[in-house]
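Below, chain A partners chain B and then partners chain C, in two separate complexes.
Presenting the complex of A and B:
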């Protein structure tokens, strides 16, 4: 068990180090960021001053050292576009993304598990088939297509929900649903399959034989064991969900991290982009680690095999 | 589709217990076996997919107009069946008076081309690295698997954004990015398969008989791992269509006026309230294609009895 913990943690740490190094050198690959930032035809003196101002004239290793120490002290530079501290910009944006992400996560678990159970228990009648069909379509529909269809229906036709922005909690409803959709579909599928696996086990027959009511058999005996793969799925989907966050925020103009990263890419605002990549990678790595550890805590078999 | 046909000659030279139909000796036989297994619904799906491929291939012949030709007098016309529609533009026109049907056809062509080339790069790169990791092993194999772990850990969209920020967005960059997106899935599966197959008695017999590495690999191991690779290919293909669409939708894919389905949706987003068809037509096309590929992939996985674990 301890071996598994250490190995898993060290692996996460190594991933983060590789990301930090790769991101730094990748953004320097393309030559001088200033070439893209400044308007064409600017005089050489001003340009040199700007390059000096952002510290881009120093040796690469020195820049790297400043950047790594900056990551720990919270000074990761100034946005080339907004001329503000990168950390401040992210601090402003983080709450929206965290909110969106948590709503989506809660939504997919709260809806996904019961729907998966319903699909498993109704596997021989149309209800189960219908649930699985909807789950399949939800899984195959690109996020932005779903977003556009929802905006058309709920904003422009029914006038129920705002189409973009992040002013009120209501603004987060559609983005959360869109973000949750693929994860929700996966959870439905996995809950159903896991439950079907468990339902054919001997100990369930025993539970029924000793006279337990059916709902108790399901909740107490079947669901507990079916929960394990669901945790795995959440862990596997976190990275994908973060990636989709970028898209969803861009569609709904939610002022979050994803929207910021896309904008930084278009503006070639390297300080913002590189910190964004590192921040998001760190979040994903930490969340996956936590899920894995949780998994090991729930499922005693992991300790033996890992 | 040459890619579906090409790897199928496999499953052959070495005894393959999964392949019950001994007829699967040559590609023709395997294809026929698959076709026999398919129900009428699946045959319909496959037929539709082939049709889409043909449409994409012959888009220039089928499109009634130049996809970038602007007719400013016929701007924002809805598809046939709605008010103000023009019979000359069955799917309507966009904000510049460009024919939606022609743009969708050309967009489909480019989207399919990018996804096809991208998935091919993924397949070759991932299979090669997976074979190295599984057959050569050693420190190089460990390094490859470490890279796989890292790519799984970091959301790929971020890597794509970084690459596009560095190299700018052009078609070759987009195809490369999309090609690199899928390699890790192949590497993982291929490595596991190579490890399994190379421990089988017939491979050990070949080694004992003194066969060269290339002979063992190409004649004995690779043909036996073709099925999972094909199944992976259908899965990455639909994922890459979605990735390309997403990037283009964000304005990080091909540059206007060239259209892919994703960039058409992205441009149509600004006209959602007044002219929804500009975004809806290409959206439906993307959804249709990705659903089809997923359905076929799912079926293929069961039909070839592949376990991707």
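Presenting the complex of A and C:
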């Protein structure tokens, strides 16, 4: 177990190092920050002075060295645009994104697994068909379409929900649903299919034969084995959710990490962008590690030595 | 007796006091990341400063005609052609409680003149290049000295760039509290303090801020208790927030969305043409664009009235030259600098041997309202005279690039004089000339000297006419139109952009805004 953890951590570190190098050089290849940040048509002299002011005229390798040594001393830099610590900016915005993520995750698991079970058990009657139909629509609808349609119905026409912002928990309802929709649909599909797979296995017949009630057969014996693909898909979806967050936060004007990273990309705000990409990469690395560990917890046949 | 008076006074106050707090909620398309009027002349920054900062000299913004009036300065006079003195108002308070001193006034200008950071340098170049020094004569008198006689003193001391800021507060923000360092200005941009009728609270860079009524304001009290601004970048989301009652006022409504808002019985639209021009300019230094006949032809091929009808519902203003009514006596609509003449355009292209060529045209996808649509229409207009447009859509500013051929841009009026709009972009020290896309001749520099520093209106008008005639012949730039800026709001709100302001100012001062419910 320890050996596994050490190796995985080293592997994750290597991934992060590659990310740091790639993001540093890729952002700079994409253009000069001052071409995007300053008002269009500002005089060339001022632009040159600003480039010097931020040290962007120094050789790339030197800038990289400063960045890396800064990283190790806990200094990730100052935003070129906002002129304040990158850490402060992320600290301000992280709670909103974490909240959005948590709501979406809980929503999709709490609804997705039972719906998947119901779809499997009712696979030969209309209920199962209806659940799967809804799941397919949820999966196939692009989330910006879903977002706009929901805003149109619940804000513009019915005036039930606020359309944008993050002042109250109610403001998070629509964004969470939009963010959860594709993940929910995936979980329903995978839970159903995995369950169908195990339902026909011999050991379930044995369980029923020894007199266990049907719900216990499903929950204790079937679901546990069906859980592995479901956990995998949740892990993959969490990584995908980061990307979807960008869009959801933009449409609902939620001040979160996604919105920040997009804005930083457009402005070429290197320090903010670099930290954001590293943060997201770290999140994905941690989630995939947790998923691997969960396999072992769920299925005793999986040993964490590989 | 005293008691009776007090009770009477209390009762009157209660009667006068509004029954509920007046809070305005505004959704804007964009907000600046830092707030310092002295180093910012961006379109996003222009929205913000006037509510929280005061210039030395004020102006009647509701009037078309320029009338200056006392601000932080109660009186001012030109003691010599190059010396200007202002008397400061007593007891003007900053939002942090400090009193405005002559030292604060000197500091507010010195940081620009001495280029405390490159951004101040940029403002100096556009506004205060003629200012040599600023000094305190005594506790209430400040003297400005210029290199050359300055006909625009009042105009320049009325700009938001010339707003008064607190020296001691700024110096104390970072590092040594006794010394003003560049990092102090970064910190001030995040926690700005001015003297205006509203203080700025809860500023979240690029995202939101709250104006709160400043009880110690020296002038007319703010009509609102607070005004909350937040950024909603998506236009559809802004309109929904307005329709849903989440906000009272939204900015940047494109013309094709006006009908949606007007159809809602609870909402209305206000708007005005903005003192800003959308322009097309050419890189005369690129060999391909070097022949002025080509540039003249490409300008003449553009039917600006058709663009106005199609993209702005006819609400924009298509000018004959680079001029605004706000210039007062220097408003010169009689000049004929830009014209539509596709037949002449074809002839010129034939003469220049330019038929069948391709010209690159760059535009940002969203920065200028209708910018991309206009580019697509211009592509057809150029095709009609035999030139193919290679349209490049990119948010990168390409105006200074050697291989740039043509692109769009905006020319805002920074202050109400040709020097504050055409001059900041196109004078010999303007951004386009230093950016290298046009190299006018020596005579042009002489015309500008005469125009900029003469104190005689007739001489200035004659010089500007010469400048425009030269621009017409050289054709480095074509003014498309003055865009019509629209705002959506709830029916109960009384607000509209005032004609005396520079573009985009959200003025919530006394007399400029009210709720009528």
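Here, the second predicted complex is superposed on the first by the 269 of 306 C-alpha atoms of A that agree within 3 Å, B and C clash if a C-alpha of one lies under 4 Å from a C-alpha of the other, contacts with A are read in each partner's own complex, and residues count from 1 in each chain.
Please note the rule applied: a contact is a pair of C-beta atoms (placed from the backbone, for glycine too) under 8 Å apart; a residue touches a chain by one contact, two chains touch by 3 or more.
Predicted, not measured: the structure shown is a model, and the values here were computed from it.
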Touching partner for A:251 - first (chain B), second (chain C), both, neither: both
With the two structures laid over each other on chain A, which partner does A:148 touch: chain B (first), chain C (second), both, or neither? both
Touching partner for A:3 - first (chain B), second (chain C), both, neither: neither
Tell me the contact category for A:202 with respect to chain B and chain C: first, second, both or neither. neither
Touching A:243, do we find chain B (first), chain C (second), both, or neither? first
May I ask you to decide whether A:84 touches chain B, chain C, both, or neither, giving the answer as first, second, both or neither? second
Going by the contact definition given at the top, which residues of chain A touch chain B in one complex and chain C in the other? 148, 151-152, 156, 163, 250-251, 266
If you look only at chain A, which of its residues touch chain B in the complex? 11-12, 14-15, 18-19, 23, 26-27, 29-30, 136-137, 139-145, 148-149, 151-152, 156, 163, 239-240, 242-244, 246-247, 250-251, 261-262, 264-266, 268, 270, 273-274, 276-277, 280-281, 284-285, 288
Considering the complex alone, what residue numbers of chain A touch chain C? 31, 35-36, 38-47, 49-50, 52-53, 79, 81-84, 89, 92, 148, 151-152, 155-156, 159, 162-165, 250-253, 255, 263, 266
Residues of chain C defined as touching chain A within the complex: 27, 33-34, 41-43, 117-119, 121-122, 125, 186, 189-190, 204-207, 230-234, 236-237, 240-241, 243-246, 364, 367, 395-397, 399-400, 409-410, 425, 430-432, 434-436
Okay, in this complex, where on chain B does chain A touch? 146, 149-150, 152-159, 161-167, 238, 242, 245-246, 249-252, 262, 265-266, 268-269, 272-273, 276, 279-280, 283, 286-287, 290-291, 294
